[in-house]
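In the part that follows, the structures are each spelled out as structure tokens.
The two complexes that follow have subunit A in common; it is paired with subunit B in the first and with subunit C in the second.
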Partner chain A sequence: MKKNHGIVALALLSAGTLALAGCQQGSASGGGEDGDGGDGAVTLQFQSLSDQPGAQAAVSAAVDSWNADNPDVQVEILQAGWDGAYDKLITQFTGGTAPDIIHFDAASIVPFASDGYLADLSDGLSDEVLADVPEGIWDSVTVNDQIIAYPSTMQSYMVFANADLLAAAGVEVPTGDSMTWDQLREIAQATTTADVYGLGWGLGSPAATVMTLAQGFGGDFFSGSGDDVQIEVGPNELEVPERIHQMAYEDASLDPVSLTQSGSDVLASFYGGTVAMTVQGSFQAANMAGDAPEDLNWVTLPPLAGSEGALQAANPQTYSVNIDSAHVEEATAFLNYFASGETIGAIAQADALIPASTSAREIVATETGGENGWDQILASADGLVGAPFLHADAYAAWKDTVLNPALQQYLGDQITADQLAQQLTEGWG
Partner chain B sequence: MRTSPRVRAGQYVLLAGFLLFLGFPVLWIVSASFKSSAELNSLSASLIPNEWVFTNFTEALERQNLLRSAANSFLVAVCTMVLGVVLTLPMSYALARLRGKLRAAGTVWILATQVFPQILIIIPLFLVLRTVMLNDTLFGLILVYVTFTLPFTLWMMQGYVAAIPRELEDAGAMDGANRFRVLLHIVFPLLRPGLMATAMFTFVSAWNEFFLALVLLQSPELYTLPITLRSFLGAEGQTQLGPLAAGAVLATIPSVIVFGFLQKKLTGGMLAGAVKG
Partner chain C sequence: MSAATAAVATPSARSARSRRSGGPSGPRQRAERREAIALVIPALLPIIVFSVIPLAVGVALGFTNATLARNATIEFIGFDNFVKLAGDTAFWNSFGIGIVWATSVAVLTGVCALALASLLNANLRFKPLTRIIVLIPWAMPPVVTGIVWRMIYDVNSGPLNAALGWFGLGPVNWLGDFSTALPAVIVVGIWSGLPQTTVLLLAGMQSIPTELHEAAAMDGANGARRFWHVTLPGLRSVLIAITSIDFIWNFNDFGIVYVLTEGGPGGRTMIPPLFTYLEAFRNREIGYASAMGDVLVLAILLILSVYIVVQFRQQKEGRS
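Let's look at the complex of A and B:
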């Protein structure tokens, strides 16, 4: 009899939980559907990937403000995460359930534009919004002469230095608008001792860093766009990896172990004083401000300049509109509202990223007072430009299957620069 | 033959080493959940935090709706477990005992389903669920989980069924019991260890699964724990390690409780089976 009670309980539990689960219907209906509320108001779904509390608050504040001002066009935030965002979005587009407004980044969203999933914002964005963002950054979100996203914030690669270790080595902290790679090499050599490496550089996944900094030497890698893209790996493209290799294996001023680590891993060495300098994404300045030991006198050095200047590839975070949305016009109007200097400035500060728009950059400069490296970080934005790799449809796959492994081998001193060039060229297409 | 004290000591040392190997990641994640961000980025790592910090837990709970996600995960995992067990039990018996084309077809189906990578079928699956209006629902997710775990649980349970001597069933039949009574009173009690193993497998699989939930659920209020925990991984590879560790520790608790409860039954079932067999 006792056993029967168990079976009955199991059956009831099963029925109850299934019934409960069956009742749980989500609210997301997809931007491809009507999106009209029962009261005639339009509801736009806005898939946001903002992960920092401050950035989420800024997005919510902008949406709340819009909703209060526009009772007929309500925006609903669908909070999602960066991890797996590409897979989620491709399923949403294929299944016709993609939201109306989509947050992503340029390199990841451009292939969706090439496949015709995104609306052309060229005419919908206001003149004020268009004029607020530099031309080079618009290039990164322009596909077939159509603006397919509003670029919001981005990062640059910066050199952070332990000023005390530089002083102990008799090195003056560089100032000015930029710092050359030769200067970086000299400082790394000068600060290298028995216990300290001059430079720690987390290049466990080196592709993004190399492609971004290659712009400083005119390393374009690609020409053409979409499916019709050719690759060329010449001296300009190899300049950045060769210089890193040189510092690690000829000068022994770059910690070779750090080349296998992530940027965050190398921060521990920087905080511990075992590396004098580290190259990191600019957003790490915010982490340093909070996590660095109080006695660590860290400074941000001027942006790295190659033969073409202090140029880096701009891969901004983006906001796009689903072309199948029933309310493209309303969604674009919301983007014009969202693109205000105050909103983008608040998001940028929360994420410690550089605003793409001039107005937001001015707000950040004023509010931060240039403290904690913001002066140099904001200055680096002048060198952020669109890069050809952003427009190569097969770039994402090539990066993962060819570029990263080949660079890892080269930076691990397993292959030569010629072999690196050969692998990159033969691995394309 | 008595084991010599030296051999016994060696066995204990090996056992301790193995336990340490298994337990260290758990200890580390618990330790990380009580550390400040500055300490987590320090070169001098220690298992005992220099300063105990509890804000990681409050941040994990408050910021990402961890409790709501935990409730969703629990609901999905329990339903998957119950439905999985209810379906596996008769199906595995049929596959193990019945001879004929159905069994061969079933075996081929089980093997065939294992060779397709998830990424290959996710879009068709999404379209099917959308057609029957089960995308973005926990019920749809449960059905998918049951479908994905069923081949393995059937394969596993078949072995348990096959290990029960047919003579036991024949004896029951000779005593006048019909097939249903034989199953209910002889076969199923002996299958308890297998059922517990199946239950644990389905529960843990559903509890930990990330990719299908990520793609099939769109509404934040339906997110399961793995999705919510991944939200501590930000753009540019930024990881909020403290809150992530705290969330992971909290997320492990229900799983450990269910595991502990079922493990007792698993042992009990094995003993019961041994006596009866």
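Let's look at the complex of A and C:
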């Protein structure tokens, strides 16, 4: 009898484990979806991620005016958020419920293109739209010779400084076209006191920042494209993490706690005056213009330059068309309309991002007159270049499983630069 | 009394009679069996559709090269995924972290819940109120628990570091530091698992006859000895069941750790469900990820079988 108890308990537990484990699987099937409205008009679903109120207003204005001009093709905005956008999209695509028009960014949308979910826009986009965006930026949204997205706006990493703390330390606010990493280090050292760190840098997920800024030192990481990509982690690639490490642990001028936080966490320290400078995505200028305390006298410093110049990887936000949409043509026509200088310029201005198209960039330069850090943000646009990591198929997975953990360990002073290089190389492929 | 006995005896007598007269394949038995099947199927169907089939598909996917690509062709590749998995050190590291996490949470939850249940079982004032307060963590979804604790652990503005600051200690970067991240996450796991474990142990304690405690007290046993010799043996089955279930739940838990650390810093809290999730949805290799799921189920079964067999054998020896 007692032995039976054991067996029954075991059987129940087995059933329990199996049932719990059953929750982790998905299914691999594509599928289309029909977007026909009731009265013969086509309805296109447009999943937008824009989160600044100004950008949302610009998107709806463009959609409203399109809907008024095209009674047969109505566009409906589905507002979603950047948080968890990747998970949402992969579920939508595999479940066959993805919207017709998809807003995302190049590095994250490229895997979907390699998996065959996105329509080729090369023929659908008008010549004007194609000519308006520089060749190098088209590169970052080209997969297997197909243009899989329209690139709209780009962020660059900017150094924001508390001018009062710089003045108190007797440091002159640097001017000019660019600022070297050595200058950044000197200012950080000069402004560090008992209560204040010279620099706060939210590198909780360091991968994107390091890959982007590595371009300044010629750190390409990858060569080749698609499936056939080789990795090389040499001195150029390690320059950025090593300099950050040096400021944090040799100079003690970079708050090591900030290296485990998110950018917005560090922004709170910057507002509170416990760090004199912070490196953030340019889009934070929009938040700072609205949220920063009245008495905080913040300035944007010139773009950071490495040995190769003030180069950063261009990872534009993108608008793509679902290949399984019943109305690829109509969706592409809408993108042609949406890609106007006015719309993209307005979105860029609200988000504090750099427009990819020349016409929108001119509009932003005129309208802002360089206020609120716009002079430096637009100056950094000249250094945005296509980056090899955008063309490596396995980058998205490698970034999460290898690059981020390894960089966290290195920036947490747990491993050496050699071990970092070794982990990155061995984790590839 | 005799009427009741007769009433109880009748159905068995009738069934014995019918068995003798009709035989196993008589028309009435067949009708009864059809009826039984008709009654069971509506209950069974949802289980088959929503549990058994997805589970079978999930297990089978582990033997294929399925990906999340559009119109992907799925090929059967035998044990290739499992061979690859055997050499995947990142997965086994994560597996080790999972064992540490699930074992610590299950064992420590058991110990804390035992103490808490004893306290609630004692005749203290405001008993109904305290019993309700204990249930509060149970009412919180894991994501909310995670967000609340992330605020508590916050290095600059968290109340925990503020409290430490009063004593001139800290600040400690609880979730960001390599040495404190896993323990900090384990504490949250214990906190959120405490209510159901406590309630089950409390129910178990109340089913122990008070006579046993009285008899032990008469024999001169103090509180600690009574706990050790009366309460604990009486709770043994419940304790084994609940620690096993806690182990399974925590080994498969995703929400709390994902919200707290996303597996960071540097993979220090990368428990197997997080790792499998990355493989399935970031790497889009669901075949390989399903193989991981299969291995995890087998591993849990193996660990639990050993634990339960050993525990029940000891119990048997203890009684004989």
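Convention: the second predicted complex is superposed on the first by the 392 of 429 C-alpha atoms of A that agree within 3 Å, B and C clash if a C-alpha of one lies under 4 Å from a C-alpha of the other, contacts with A are read in each partner's own complex, and residues count from 1 in each chain.
Going forward, a residue touches a chain if its C-beta (ideal position, glycine included) is under 8 Å from a C-beta of that chain, and two chains touch if they have at least 3 such contacts.
Since we're looking at a predicted model, the values are computed, not measured.
In the superposed model, A:G263 lies in contact with subunit B only, and not with subunit C. In the superposition on chain A, A:A397 makes contact with subunit C only, not with subunit B. Of the two partner chains, subunit B is the only one touched by A:P293; subunit C is not.
Using the contact criterion defined above for the overlaid structures, shared-chain residue A:Y117 touches subunit C, although it does not reach subunit B. Contact with subunit B, but none with subunit C, is seen for A:D83 once the two complexes are overlaid on the shared chain. Judged by the touch definition given at the top, the superposed model places A:T94 against both subunit B and subunit C.
Residue contacts after overlaying the shared chain place A:G224 against neither subunit B nor subunit C. Contact with neither subunit B nor subunit C is seen for A:P71 once the two complexes are overlaid on the shared chain.
In the superposition on chain A, contact of A:D51 is made with subunit B only, not with subunit C.
On subunit A, the patch touched by subunit B and the patch touched by subunit C overlap at residues 10, 13-14, 17-18, 20-22, 24-28, 30, 87, 90, 94, 268-269.
Listed in rising order, the residues of subunit A touching subunit C in the complex are 2-3, 5-6, 9-10, 13-14, 16-22, 24-30, 86-87, 90, 93-94, 111, 114-117, 204, 257, 259-261, 265, 268-269, 323-324, 394, 396-397, 400-401, 404-406, 408-409, 412, 414, 427. Residue ranges of subunit A in contact with subunit B, taken from their complex: 10, 13-14, 17-18, 20-22, 24-28, 30, 49, 51-53, 78-84, 87-88, 90-92, 94-97, 99, 105, 155, 262-264, 267-269, 271-272, 274, 281, 283, 287, 290-293, 317, 351.
Residues 51, 54-55, 57-58, 61, 66-72, 74, 90, 155-157, 171, 173, 175-178, 240-241, 244-245, 248-249, 252, 263-267, 270, 273, 275-284, 286, 289-290, 293, 296-297, 300-301, 304-305, 308-309, 312, 315-316 of subunit C are the ones that touch subunit A when the two sit in their complex. Contact residues on subunit B toward subunit A in their complex (touch as defined above): 37-38, 41-44, 63, 72, 75-76, 78-79, 82-83, 86, 119, 122-123, 126-127, 130, 135-139, 142, 210-211, 214-215, 217-222, 227, 230-240.
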